[in-house]
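Can you read through this structure? Questions will come right after.
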Amino acid sequence: MSDPFFHPVSGFDLPRFAGVPTFMRLPHVPLDDARLQDVQIGLIGTPWDGGTTNRPGPRHGPRQLRDMSTMIRAQNGATHIRPFELANCADLGDVAPNPAGLEDSMTRITAFYDQVTEAGILPLTAGGDHLCSLPILRALARATPLGMIHFDSHTDLFHSYFGGTMYTHGTPFRRAVEEELLDPKRVVQIGIRGTTYDSEDRDFAKSVGIRIIPIEEFHVRGVEDVMAEAKEIVGSSKTYVSYDIDFVDPAYAPGTGTPEVGGPNSYQAIQVARMLDGVHIVGADLVEVSPPFDTGGATAFLGASIMFEMLCNMAQNLTSD
Amino acid sequence: MSDPFFHPVSGFDLPRFAGVPTFMRLPHVPLDDARLQDVQIGLIGTPWDGGTTNRPGPRHGPRQLRDMSTMIRAQNGATHIRPFELANCADLGDVAPNPAGLEDSMTRITAFYDQVTEAGILPLTAGGDHLCSLPILRALARATPLGMIHFDSHTDLFHSYFGGTMYTHGTPFRRAVEEELLDPKRVVQIGIRGTTYDSEDRDFAKSVGIRIIPIEEFHVRGVEDVMAEAKEIVGSSKTYVSYDIDFVDPAYAPGTGTPEVGGPNSYQAIQVARMLDGVHIVGADLVEVSPPFDTGGATAFLGASIMFEMLCNMAQNLTSD
Amino acid sequence: MSDPFFHPVSGFDLPRFAGVPTFMRLPHVPLDDARLQDVQIGLIGTPWDGGTTNRPGPRHGPRQLRDMSTMIRAQNGATHIRPFELANCADLGDVAPNPAGLEDSMTRITAFYDQVTEAGILPLTAGGDHLCSLPILRALARATPLGMIHFDSHTDLFHSYFGGTMYTHGTPFRRAVEEELLDPKRVVQIGIRGTTYDSEDRDFAKSVGIRIIPIEEFHVRGVEDVMAEAKEIVGSSKTYVSYDIDFVDPAYAPGTGTPEVGGPNSYQAIQVARMLDGVHIVGADLVEVSPPFDTGGATAFLGASIMFEMLCNMAQNLTSD
Amino acid sequence: MSDPFFHPVSGFDLPRFAGVPTFMRLPHVPLDDARLQDVQIGLIGTPWDGGTTNRPGPRHGPRQLRDMSTMIRAQNGATHIRPFELANCADLGDVAPNPAGLEDSMTRITAFYDQVTEAGILPLTAGGDHLCSLPILRALARATPLGMIHFDSHTDLFHSYFGGTMYTHGTPFRRAVEEELLDPKRVVQIGIRGTTYDSEDRDFAKSVGIRIIPIEEFHVRGVEDVMAEAKEIVGSSKTYVSYDIDFVDPAYAPGTGTPEVGGPNSYQAIQVARMLDGVHIVGADLVEVSPPFDTGGATAFLGASIMFEMLCNMAQNLTSD
Amino acid sequence: MSDPFFHPVSGFDLPRFAGVPTFMRLPHVPLDDARLQDVQIGLIGTPWDGGTTNRPGPRHGPRQLRDMSTMIRAQNGATHIRPFELANCADLGDVAPNPAGLEDSMTRITAFYDQVTEAGILPLTAGGDHLCSLPILRALARATPLGMIHFDSHTDLFHSYFGGTMYTHGTPFRRAVEEELLDPKRVVQIGIRGTTYDSEDRDFAKSVGIRIIPIEEFHVRGVEDVMAEAKEIVGSSKTYVSYDIDFVDPAYAPGTGTPEVGGPNSYQAIQVARMLDGVHIVGADLVEVSPPFDTGGATAFLGASIMFEMLCNMAQNLTSD
Amino acid sequence: MSDPFFHPVSGFDLPRFAGVPTFMRLPHVPLDDARLQDVQIGLIGTPWDGGTTNRPGPRHGPRQLRDMSTMIRAQNGATHIRPFELANCADLGDVAPNPAGLEDSMTRITAFYDQVTEAGILPLTAGGDHLCSLPILRALARATPLGMIHFDSHTDLFHSYFGGTMYTHGTPFRRAVEEELLDPKRVVQIGIRGTTYDSEDRDFAKSVGIRIIPIEEFHVRGVEDVMAEAKEIVGSSKTYVSYDIDFVDPAYAPGTGTPEVGGPNSYQAIQVARMLDGVHIVGADLVEVSPPFDTGGATAFLGASIMFEMLCNMAQNLTSD
């Protein structure tokens, strides 16, 4: 059972629109706080979109995800998991990015997550754009390459942009494979769709053994079948989960920079996260929520709901260790 | 056949954006109007959200539902029912609430519906938050407890909030069971989902015999199977239908105060209302439409479309009496 | 292989938010440009909504469709068709309408498309309201009546409005049948739904042999079965494709003047366009995108994605000639 | 003193967000209602924008003006005039336009106002675009040409558009002078600004004696001085007041189709209407409120506030007859 | 000089969109925190709108004011005051209201402020609707009636609403005078305007000696002259400052429930707060910011800027004690 | 007189919502177009916001400025200047930035403007954030330092951000002075206001002789007096004009990343640009228009109106050479 200090504020005590908004109304425990040593799962914001090649905004994601996450209550309605009772969870605050310094920002993110992993905390990240996943993986995969379950409409496996730019939100996992942060044979990408520049990314995936499940296959096979294969691919070894909100159809998640129509609905969006039970998650992220393109916080609320499902599985894992 | 006085204005005569907006372009017949005695089905607004514990706004619901309902035409495209020819329908106006007086508002609502039922009129209500259903039921269930088909993402069966507050939009049906306005064995709740504080509401439901069909079951079984069970539960006795717009997924109905992702789509939202045919409906409501959180009236238009489906069944019933 | 002059600007060279926005970043080739003779498929805007009986705005459609179409890349993610390499495509600009002159505007549109067809160019149109399809058909069907696959929630087959007004966006195909621009036995309408004034339009359809597939049938049978029938109806002869964005559910396409709830989702919206492969398309349109009622360009982006699918099939046809 | 039947509903009795929205919460008295004979000032909607050459939407103006006008209370805060006690005021409903028929719509408007003037009612109109003023003037100026005080950023005096189109919202007062509905020597236009096609309209004004007060002069001289001159120009004879909401700066009135920056603020917008006291107003309009381009009803609320100021002066005049 | 613990986070260290949003990026010091004893000025949210008679939403005010206040930097650009160096300032969090309990909420607010005053902290409040000021005054004026400078477009001096409801956001200062929390001869109300129900509130003001400066007088005399009189009225004794955001013209502050056109611009809105220098402020509030009616946070940003000006004066006072 | 090829499309020929949107409906003349040699004034977009430290979005500025600039007509309403007849003006397209490469983007911008100046074209730029001005100045000031009239609420003179980051939108003119692109004694900054980190920027200004006119002084002295001084400061030598849209009050220009309340209104915003007549302008920019934070294009329309005023003066200058 978790320490009551780490229990979120209940909406029965303080209405959900009230109070300083932390992730899921958890206590704010900065890295230099004495309480850090008791934290098991840390919710972290990476408010940075320096790798965005198209419409910007995910730097505002953590703020709005915190705001809408105050709508999340203590118990999973479907599984009845109460994550905050299973594990000490806390809001560790945001990494301080450098909006005008791409490499500096990546260095800052890795340094933050190094501290988190050294403290033995499992990170659950709210992005930021998808380039954020790369410096996070650099901290998490210091020992050994990780497997990855990746929900997205894009592969983010491109070699480069704009005549040689290697670090954008379209390239993080190409770099991660090159840097041996990911074991490509234990990587699966789900929901890929939309128009493409060419097939260079998919050719690379094929050449290194990354499994791509395009949206057409997803819609035909259904969530359960797809997730069963995904879990088989990553197996029981350490796995990272990266969830780009543009995996979901833009009717459900308009607040993102590079939407692609024809995606899953919100029920499927929740289901795939819920079905991560049993996966050996060493870290997870929810990225590309872009408030300036959102309508009324709908995307952030969906994002927070997805984070909660991932959190339930991460907390459940801790109890079975 | 209905009296032509009660026929709505046609869009062929007056474009749908023109004219003083009444519900479905019906004549406005206040309670003190001589024409009241001819009305069979009364559309009524309860512009009150005093029971809202989270994001407010449903007090503006009736106004916007009237506005968007001017897009509704005379004939059901699927069933070909023409409700305004089957029954004398009218807009009875709004109950005058007291925005700063919770109990006073409930008293005012019950008093209004007492007049409606005394005039032998079937009420179809546009809320207002869900607490509105309680004072309505107090008028409708004076003789005998009613059955209820309840579409929602929440049970609204909680005991109390904020340390003992008994009347909120999260408690109306707990009170209604306690006050014997509802026969819990003839109550079914469909679409329940989302995170929860705890299981207190569901434990109560189980203890009194209320049937809850959570969204997971709904998605697996499908609309037809679920509605067949619902109709079996309420049987042929008097039944109230309460439709919280947050039953529908927020991509289709963003304009509401406490959305929950993963709900039905708009086709299913219409289907469940259409499949109420044959149910002995003594009153119905559509609540929790909150214009300040809507985008472009989408939620109100869906709400008006659902009201039309319910109206078709209410009108059809009258012809078979 | 197409002429490189007609290749769109790549997002790898110029970010997609940059540059003068033409349809899909193609070269702008006005009718008096020497390059016109090399164009095989022309993307054209008809910024006119003079036939709109309800909420206006589609006159702004071409502008916003151009804007959002800069998000479209060169290759179809599902079929791998690269249309801009298969055919010389260009943005031919907009027809100049007369916003205060209904008949003048129709004359101007027909005159423009006469030039297009005389140049041997296949037109892919961005409306404008649905009345635009009539003057287009007058140019395209000079030789012989065409078949038509029509995606919509309305039949647009009414006789007249407002006591005898013959030309509105609710009447174009009634006129087109009367003028023998369409062969009604080779016309199929898919997705019809919503409340109706009466059955006059459907009675007409039945009397002349137009096949209507209402949304209820569409949801039961599924996209593949429906499209197979549609293709059988139009056969291998010349066919026009008219796609009203209100075919799609308003959660996915809010930016339109006369939405109807309960429609297809965005995946189905794309699928039906993708399954037009093999149809002998002599012209196509995507109409009724209304930016003033849109939220953040979502509808225009979906519209541009649908246009791309139609374009892929039009370009593919040219290679197999 | 006015008949209590014509008193608006008080916000102390029915909150302002409640009830069927009529103009200023006045009774709805259609032209065929027996009560018509008692009406002294009639508020009328002309929901038509068929003359709009640019961004459409004013057809939705009357609906939203009614909605926001429910925020208006019974007494003028500055002058303490209580117009509804001085004169019998009523909402006469909307003229039924033909959205697809320009000349038909103008005929319908004139016919409606003929009935109004025959009943001896002073009309206060909510447009609609500015072309609406022409058919209104045709009814009001049957006996003799009128003077006019005209607030606008455009002269609306152009000869024609699009190669000979004579009736648009840029030409009504050119036509009105030609048809001798206005006495140009008793016409003053205030607030004119923005870029122009050429000087054709101003040359015409000069040639017939219309006085134009451009915005630069307005800002230098101030409201009081300008209004003193305006009142001198129209004198004590019959005068029409035409108020285009784009007179006001778009920061205060964004909801309009052809805004021009650099205009008066809302206080000046109210002042000029308030300073119409003593003018022999035989009719007035507030036009070009376009809800699709508005943000949150701000423009309509300002428009309703301006209408109230005009109404106060119209009602005051009646008492001094 | 203040304790560095209480210095806000600089935008040079952490970009302003990053981090958990507290008021002006100050440390969050709940009432039970040991640091409370060092706080001199406490920023507090009262997220409650239970007294709102019209459009709701101010319950969301504190959340959005916190968010936008992260745009405030450390130094006043005009006066060069650096308030956070002059006084220990902290975010004390929100009072927990009861959204469904009017009297309970008022009790909770007074109890919270009793603790604040007992700790010797000057409160600067972010509302909430204007009824919040009453329970705050009950705590602050326990010893002696206060003077008040009140910026608003309404007097909030009405006797009652809806047939006898005594506590609404239109009545707080009537109650405060009755309860002897305010000394009416030391109360001045600035900016009053808009339509009114009647003159009951102003008659009361006159009878007890409250000075009302209507907007017409404000615009004629100018900010400096008005503020000089206001400061003379309150003199050097203890004074409360209550700032309703609807004092400002709705073009600058659209996010409020009961706007009135014709108000001050944002420069004047800042100036009046800046000119409070030297006033003996024992507490201040900024109320009626309603995010659901705002556009893009403009109102909250203006509100935060006004709070900063008031804070500068409160901090400056402390140094001169 | 200018070449008719360079005349913009008239709204009398093609409605303003129609056609491919170029700046002010001018011909699109890329740098490799043979027509380039005839261009005198080139309108250029720099869609880049890589220097933005706060809320992003100006990369979308040129697109929306083009869109809204189609509302601009051929003649200045106040001065009657017809710029397109005085000079050959063209839309030169956008510089291709590298969204993920700060230094690369600056290099690309300078290279583009080198070509422009070599062709003898005066550039009028639509940003982009304010860092864009630096690489532009590098091209324009190759021969000699320039004077500058700078409208802004910020000095943009800071030394560095985030611990040593030298290139952000808060530092361009510090760099420009250091690089001797600007002659600080001929630089004036108008409208400076808002909270500040500290006084480091102003101390620098004072040390090098830059004249700052804060908003308080601006409001007291008025536009004419301030502009007279500004023109005296820059004298008759070569001068750059840099106009940050956040100079204007956010009620008029909400679409920007770092607004400051209390600024000029739209009339003053236009006036200051109009009063640049006679200044020896060698280039001008309008920066920081951020569409994601705009409401309905209001900011872009104001921005385009300001650009038109600057263009009128630039064109007028050419005729007097």
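List of remarks:
In order of appearance the chains are A, B, C, D, E and F, and numbering begins at 1 in each one.
Operating definition for what follows: a residue touches a chain if its C-beta (ideal position, glycine included) is under 8 Å from a C-beta of that chain, and two chains touch if they have at least 3 such contacts.
Please read all numbers here as calculations on a predicted model, not as lab measurements.
Contacts with chain C and chain D are shared by B, F.
Shared contact partners of chain C and chain F, listed by label: A, D. Residue contact pairs shared with D-F exceed half only for one pair among E-F, C-D or C-F, and that pair is E-F.
Averaged C-alpha coordinates put the centre of chain A at 55 Å from the centre of chain D. Computed centre separation for the pair chain D/chain E is 39 angstrom, with centres defined by C-alpha atoms.
Residues of chain B found to touch two or more other chains are 13, 15, 17, 53-55, 59-60, 99, 161-162, 249, 251, 265, 293, 295. Taken pairwise by the contact criterion, the protein chains fit none of the simple patterns, being neither a path, a ring, a star nor fully connected.
Applying the touch criterion to all chain pairs gives A-B, A-C, A-E, A-F, B-C, B-D, B-E, C-D, C-F, D-E, D-F, E-F. Taken together, the chain C residues at the contact with chain D in this complex read 49-57, 59-60, 98-102, 104, 161-162, 165, 167-168, 292-293. Chain B makes touch with chain C in their complex at residues 10-13, 15-17, 71-78, 80, 249, 251-252, 265-267, 269-271, 295-296, 298, 301-302, 305, 308. Every residue of chain F that touches chain C in the complex is listed here, in rising order: 13-15, 17-22, 28, 45, 47, 59-60, 62-63, 66-67, 91, 93-97, 99. Those residues of chain F whose C-beta lies close enough to touch chain E in the complex are 53-55, 161-163, 192-199, 214-216, 219, 249-251, 254, 258-259, 261-263, 265, 293, 295.
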